[in-house]
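Shared between the two complexes below is chain A, which pairs with chain B and chain C, respectively.
Right after this comes the complex of A and B.
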């Protein structure tokens, strides 16, 4: 091939490459570099501290690990409550049913709204003094249940997890529904002709065929929920007293709150590795399931 | 054998239960938005007392106040500018690259493509920290250009993937015909490939538009000056002020959510395709 033609072809990818190299590759390399320094992000001098930032994370930073467990708790609720709801709704819509398209339209409204909008609207509904939820509880004679949902340490984290599920179940619903619709109807017909009842068909046909889809949804849920944080900023800001902190919020706090850029990068690397391990385990699991 | 009436009542009951379940969830999806709209029409005095879903008086002037005095007009315009610029940027940059990855040959092609794809797979939480440093060094922090370039990068990998998948399946005959007619490579990309790719371009447009409109954290770290802020950051700031003017905040939230919901209703097909495919590959 002529050199001129090759150069011409390179010109097509050049803009993408330049943007990608500057805004993805350089920050990617820098994370690992900055993580070894004690630096406020602005001053011309920075102090090399080796792996001290990482040692501090593992040995001293209790709030970091607390935030990790809290993200895990939100993820657990998303995996169980949110995905069960998504699956049930998909099952309910996977049939000749009226208003099917209407339901599908509505269930995907929370996912397309921004986390800021969702967070601030729910924060207003759940407000301890003027919130609509407490007003309704009082009117129903359930005043003893009314509380400051988002500033009470006992309820804040679970409340955040439920709102996160509210915002996210539409995703799982769509993916599950798409999966259910790929199951050939003839399979159901044949089983019915053979005298199988609905429960038997569900257990022996629907569930086994939906396992790969379930694994996919689980992976997306874990990776998405562990890294979610804007919704939390909008609802609680991480409070009360660290009770709704999650890892990415800690990274943001290290950077903006205490101006420790090196430490923030070390936290980012630690968290990134944990996520990689989780998705690797999940990937292996999903391969196993596909073999069955 | 059970009678036909038994089966009929059973089917009706089951359908009823299913509809009740679906309807309950649907109402729970819409109600918070209705409450947001309702609160945006009350006043600072009535909003804490009047808990009716349909307000006694409709104070539409809240929208005027939010737009003018709350500054949401300015922020809205910023969000529009960023969204349009990023989407146009991504369409041009990503479709050029995707076309090359699909149709043209050059050394290192596969390796480069895999690097782009790896970027979608590797989680990099907290990448905003080095990005902040980089923006400072390049003097792009607190500039619209810096934010637009950073956001083009965010949507790049997924868009290249979607477009390349489409180009791979596209028949080559039309391009061959254009080449015989003496059309240049760039001419084929512009006159043949892009017009044919309209359906997938629609997906790329809405997927990225949604992403940019709803983006918060990069805008937070890149912008210092209020005049440049997009809606999402402005809403959080407005909420963080000493006394929150709730009716105006709710009006601001409605103004932010409305374009998304309207676009969604008209472009439902593309949005659902874009976000699900974007999520699955990313």
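Right after this comes the complex of A and C.
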């Protein structure tokens, strides 16, 4: 009877397990297996190279690591600028202000727009010769600031990071807003009765209760931003030179540009592991943070 | 459980009543004429040529009227996405009857070695090589593998060129006049070209536009100049690894881009510019020069029918070696060797490359036909600028006919290096050293 009950429980888990295995575990193992070969993705024969592809990534592929740092830089901007913006706007919309539903709608428009369209529109706005931004800068007497924002190596990566943050802050906004709305209003009222000012309430009630939400938004931001590439490919194609290259673009370049399918798979696995480690560290960190 | 099956079968029994009717229908279908059977043949063609889609559809319907064989042209654009789709279909064994392989000759060879592409030599050589002789040699060479080729592919012709193209320099005649230059006297030497840069800067116009964000177009111009400065033999010797990229001639090639940038010839932001943007800028008369392929005639016509421009070979640096331009087969189709309809597919391609169809395609899409006779037929009807593109087909070359391919990693370092020179980040010497380092790394891998 006990065995039957255990089996029954497993039967409930089975569909999810099968789906997870088909769509996650098997492809992962398969990709890892291809990563052990030198293969162009078409030829019927593959040459077994063992861990050579992985060794090449760690030892020789400087561009890969440059792309990792650049993705890290974009992530840092997203974690700070994007999430701060999302939190501040959520805080503003959580109050009883006029047209707050309208603002909620407006702030959520960028995330639902196509990344290619957003990329092309911003490319037009930031164009060095006929762009809207430079036009306004010149009209405002700030012609010395006008430049080719996406082609200048000094500004390209930061510009891409800011556009990415603009495109993505709506998600954070929505989650922060939902989080803010779950904070019981009684807590605020009680604090006010006790004579607490707005800054004190914010520090002692809002911030501590929003920590779990902040951790969730941070995890989603890191995972989403590290894998960003559509917006970048639409705006700069990874240029000028290698200045806006990110890991997914490098994987694509290995797969399509160089026809090195095996190497691209090894890059994919390496990237997956790095993201897993980052998520794990963040998980541990957030656990400790919650205990405090 | 048993009860469930019994109920299920009982419900299904009701459909058995339909069986006699179904049988009659099947039998009647079997009584069709052989002509009707042909209409069941469907030749699927995957292509990426957005501008040629309506013309292809028209040709498909003409072919159906003539043979009762259905031709389905399926458009997948842009070319990057198309390329990925073809690769995925090859892996999955779901390639259509006819498709194109975009990329380097090495990729083409991989498709052949994997048995995806039919060797068309026997069809080409039939009737005293009638089909083969109908094409421009340059156009066919791109699809040809010669005996003992480095790719290890059996010698033969594996693709059918649909049109030909050349990539050249274009200049806007009206803007030339505005700059006080004679529109009938474009720059012939590189010095003359650079001097125009000064005038462009003074007039507050834009110089050269091109899709150099898409790396292959930089590669194209750099190779044009490499041929001019050091000759074909030395270029090929470099690819074979016999001459380093740090050779003074290669540094001279890299330096040309620095000179163009310093002279104000290059448009601001050219290093991230896609060709579509470059085409818009030139068509809207914002730029004096463009570097583009003959397909642009149709594109510019759509954007600005009054654009007054002409095509010239890139201004030469030296008289030591002839200037070469990239050209040859613009687009080619390959036949799926595993398709059960491959014979019909070959027949369709034979029909498609006959003069009547080629003339129609050329007139409808402003592309140069791959069929020699058709070009002679239409040479009075095509725009003058297209004629200029066609005139230089004799000096056209292409990496896919050199018989040897440079490593992809080297090509990337080479093109990205030129971008670094243009943005003032690296010197030509630094780029040459970096490219050579990667070349040596790749050569070492091969030796292993």
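Note that the second predicted complex is superposed on the first by the 265 of 292 C-alpha atoms of A that agree within 3 Å, B and C clash if a C-alpha of one lies under 4 Å from a C-alpha of the other, contacts with A are read in each partner's own complex, and residues count from 1 in each chain.
Please note the rule applied: a residue touches a chain if its C-beta (ideal position, glycine included) is under 8 Å from a C-beta of that chain, and two chains touch if they have at least 3 such contacts.
Keep in mind that what you see is a predicted model, and the values were worked out from it rather than measured.
Undergrad: After aligning the two structures on chain A, examine chain B and chain C and state clash or fit.
TA: They clash: once the shared chain is superposed, the two partners overlap in space.
Undergrad: Looking at the overlay, what does A:223 touch: chain B (first), chain C (second), both, or neither?
TA: first
Undergrad: First (chain B), second (chain C), both or neither: which does A:253 touch?
TA: Touch partner of A:253: chain C, not chain B.
Undergrad: Looking at A:103 after the superposition, I want to know if it touches chain B, chain C, both of them or none. Which is it: first, second, both, neither?
TA: A:103 sits against chain B, while chain C stays out of touch.
Undergrad: In the superposed arrangement, which partner chain does A:214 touch: chain B (first), chain C (second), both, or neither?
TA: neither
Undergrad: Is A:130 in contact with chain B, with chain C, with both, or with neither (first, second, both, neither)?
TA: A:130: touches chain B and chain C.
Undergrad: Pick one for A:41: touches chain B only (first), chain C only (second), both, or neither.
TA: Once the two structures are laid over each other on A, A:41 reaches both partners.
Undergrad: With both complexes superposed on chain A, which partner does A:168 reach: first (chain B), second (chain C), both or neither?
TA: In the superposition, A:168 touches no partner, neither chain B nor chain C.
Undergrad: Can you tell me whether chain B or chain C touches more residues on chain A?
TA: Touched residues of chain A are more numerous for B.
Undergrad: So, A:179: does it touch chain B (first), chain C (second), both, or neither?
TA: In the superposed model, A:179 contacts neither chain B nor chain C.
Undergrad: Superposing on chain A puts chain B and chain C in one frame; which of 21-29, 219-227 or 273-281 is the clashing stretch?
TA: Superposition on chain A puts chain C right on top of 219-227.
Undergrad: Show which residues of chain A both chain B and chain C reach, each in its own complex.
TA: Residues 41-42, 123, 129-130, 256, which sit in both footprints.
Undergrad: Where on chain C does chain A make contact in their complex?
TA: Residues 80, 83-84, 87, 90-91, 103-104, 106-107, 110-111, 113-116, 206, 213-214, 267-274, 277, 281, 286, 408-409, 412, 416-417, 419-420, 422-423, 425, 441 of chain C touch chain A in their complex.
Undergrad: How about chain A: which of its residues touch chain B in the complex?
TA: Listed in rising order, the residues are 1, 6, 8-10, 12-13, 15-17, 19-20, 22-24, 26-28, 30-31, 34, 41-42, 85, 88-89, 92-93, 97-99, 102-103, 105-118, 120-125, 129-130, 132, 135, 166, 170-171, 174-175, 178, 216, 220, 223-224, 227, 229-230, 233-234, 247-248, 251-252, 255-256, 261, 264-265, 267-268, 271-272, 275-276, 279.
Undergrad: In the complex, go through chain B and note every residue touching chain A.
TA: Interface residues on the chain B side: 15, 18-19, 21-22, 25-26, 28-30, 32-33, 35-36, 39, 47-48, 51, 92-94, 96-97, 99-101, 104-107, 112, 115-116, 119, 122-134, 136, 138, 149-150, 152-153, 156-157, 160, 185, 189, 210, 213-214, 216-217, 221, 232, 235-236, 239, 246, 249-250, 253, 256-257, 260-261, 264-265, 268, 271-272, 275-276, 279-280.
Undergrad: Where on chain A is chain C touching in the complex?
TA: On the chain A side, the touching residues are 40-44, 60, 123, 127-130, 148, 150-153, 156, 235-237, 239-242, 253, 256-260.
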